[in-house]
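Letters A, B and C mark the chains in the order given here, with residues in each chain numbered from 1 onward.
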């Protein structure tokens, strides 16, 4: 990991020094052990602050569109953008590179203006999961390829494989999407068995309808409606989210469970076929909700029905923004064999 | 002020007698093992003193003073009713006391700081009547705690009715207010030596509590400080800091109806969202994320201190601990001071 | 058991809509006349020109609106409301005889009984911001001897968008009032002034000596009105402005309306221009 960090710093510094890019998006060390901060380096000197470790948990593509926009001159609606706008560099792992692919497809970022450096990924860890084991008093953390070591905690070390975030532990696309990378840093990647990738979802699917509803109600009852999950997500970029609309007001603003449910169901559906299971929503949630289980279920459905995974094929239209006659549509057309049974 | 010395059994005796008369809320670990485990406020079932983690629990005691949501009044929208569209006040029943057991000094102080703003708010005042604070001082600080840098102390009892401090042999109970007096059970007076020891510790902490110095700093200088840009680059406007903050007070008022009846509620609002200041016309005085990030810190570090003296931050560190992008108010304070 | 507080600033006084006047040709501006349902509430109500109140419709919400009636008008309250958001749209759909609520009065109002007394006053306004200035003007006319010369400059986009047209005509007849009504462009049937408010102000503004200006209107109008005034010696302490920020409680608790250290609802909405200049640009 240290080698990758060194590589990122060096390349970011070179790109900034040569003025090929005006800014580089990465992470810097946070103020607490096991935290990092999104960081925009704007000079070769600032690039030296970039770090790479097991706690880079927030998706950096989330801040890419607004950073690109900040370099655009003010203009009237409909006026074309100048051709020679500054470029931005970004270092991305497998899931983040798929988000980049979606941002290109959905016109949230221009491919011409992004220098993407692909990173090998061995998975990230969640600070709060670790603190639950070590206690809150950890003052320092160091890591090797296999282990994390703690100072001040009730546990001296933990194996990285044991404290991977669940999305990383079930990730089958750790490699960046090569076709949209400008360059790739080689290295070891996590290697998960694809067979068990939807185990978390299958566990809930196995419940009966009441059981699933009980799970859902209980899981989301702690929500405080802060919308961190939405704000940390690179897929959520509507200028006005439906929960913020006042005219009409689609959803109540209190903590009524039906309002909270509607928010979470709609948020998940808006991510269907687009979510890369990056885990940013869960990393951001202050209440520790397992938000991914909803989006992961939709991932599974999209794989089952459309044989498609978000961003994996960067130039193929997203399954839910295109239509084909071969699309599964049992809700419109009853399969012929069931017709007979009905009559 | 009376200071009593209690054994664990004696304290448990107090709790048992309180249980008879009052609802007691205390920090407890969630019971659902499938969910993330953290301590938060819940109704206390037994009469045992709950285990408190070092530092603060997930939420502050704010929710007992500004419930989320608070019903301010109810009404009918049925025109056939004589009282249609008249809002009927629903104040918390302040005669029915409840005990907040295990509130930390930072949380207790936060309620007093809030009171400067909400002195004429009948709902908040009724809640102050209703809630009896049996606080527990902090013998240790967590890595995110910094109350001693905000003009407070981990051993302070300000804002509490009874302050419990853990000792080697059990507890020291300082009975601070008449309400505390009424609530306290029997116990032996603590020895002069024990009382002096506690005072000595308090004095030692006071020594390292510096003045914040923001009152003397020109407003415009802080307003134009370069750090806001870097903070807003990574802020995701979630407002977790404001929700978890024990001092953040801002609220929204909304009407909810169901059938022919409705209620006017107030719910926590956050200056970190664009909607907070958006006009219907589309004009937004704080339309940029930078201006909103700056607003939160300026309110805590400049606007409030200019009006009332202390920082509007009690150093509980909840925002530091749970900010998804690791915006650390301690760094902001240091940066602005330098 | 219900518990009642002695003073709850969140509880609206019940009022009945006594009259609705459509003010503008586009129908988006209506003046609502409210009467109190309880005599006791009416007696408690005491406002100053320039203050505002929360109009409260149970089930819809509340909206802060400047009080358009003068304290000298007894027995009713007037509010002129532009239809824009959820609450104002609901209000525009209400009918004479309907019940709703009013909380207030709120804010400071113009210093009409203190600093403005004995001075020459110029009122400058554009669009539908004229409402609290109507209250101010009526109050001054009711206490005419307390003030020196009174000049009114009021403009709107078209003649049909002018508020209180009957009253404007009455005021034009008075010889103790210097009134200039203007519209942005020539219009059929309009024989009055044509031009933007700042241009007219440059022509007719009185000397700065012993004078005060009360200006309410769109920011762009205020911006361009100031240079001609400054040219003839006006300073920022003589100019009073009224700020509008989003607010929820109106009584300094919810902290929605702050502009830096200042709360528009409590410390304002009326500020001198020099006070406003010391504030961050968050209004």
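Keep in mind that, in the parts below, a residue touches a chain if its C-beta (ideal position, glycine included) is under 8 Å from a C-beta of that chain, and two chains touch if they have at least 3 such contacts.
Everything quoted here is computed from the prediction, not taken from an experiment.
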- Of A-B and A-C, pair with higher C-beta contact tally: A-B
- Task: With chain centres defined as mean CA positions, report which chain is farthest from chain B.
- Result: C
- Query: Taking each chain's centre as the mean of its CA atoms, how far is chain B from chain C in angstrom?
  - Reply: 39
- Inter-chain centre distance, chain A versus chain C - centres from mean C-alpha coordinates, in Å: 50
- Centre-to-centre distance between chain B and chain A (centres being mean Cα positions), rounded to whole Å: 33
- Item | Contacts with 2+ other chains: residues of chain A | 246
- Query: Which chain C residues sit where two or more other chains touch them?
  - Reply: 85
- Two or more partner chains touched - positions in chain B: 252, 254
- Item | chain A residues within the chain B interface of the complex | 30-33, 35-40, 58, 62-63, 67, 128-129, 132, 135-139, 152, 218-219, 222, 224, 226-228, 231-232, 244, 246, 252-256, 283-288
- Query: Which part of chain B faces chain C closely enough to touch in the complex?
  - Reply: 72-73, 75, 77, 84-91, 93-95, 117-118, 120-123, 126, 219, 223, 249-255, 257, 262, 264, 266, 269, 271, 276-281, 285-286, 291, 295, 298-299, 302-303, 306-307
- Task: Show which residues of chain B lie in contact with chain A when the two form their complex.
- Result: 32, 35-38, 53-55, 58, 68-69, 142-144, 233-234, 236-240, 243-244, 252, 254, 256, 265, 267, 270, 273, 275, 320-322, 324-328, 330-331
- Note on the structure: Per the touch rule, the chain C residues reaching chain B in their complex are 1-5, 7-12, 14, 56-62, 84-85, 88, 98-101, 244-246, 248-249, 251-256, 258-261, 280-283
- Message: With touch defined as at the start, can you tell me which chain A residues reach chain C in the complex?
- Response: 246-247, 249
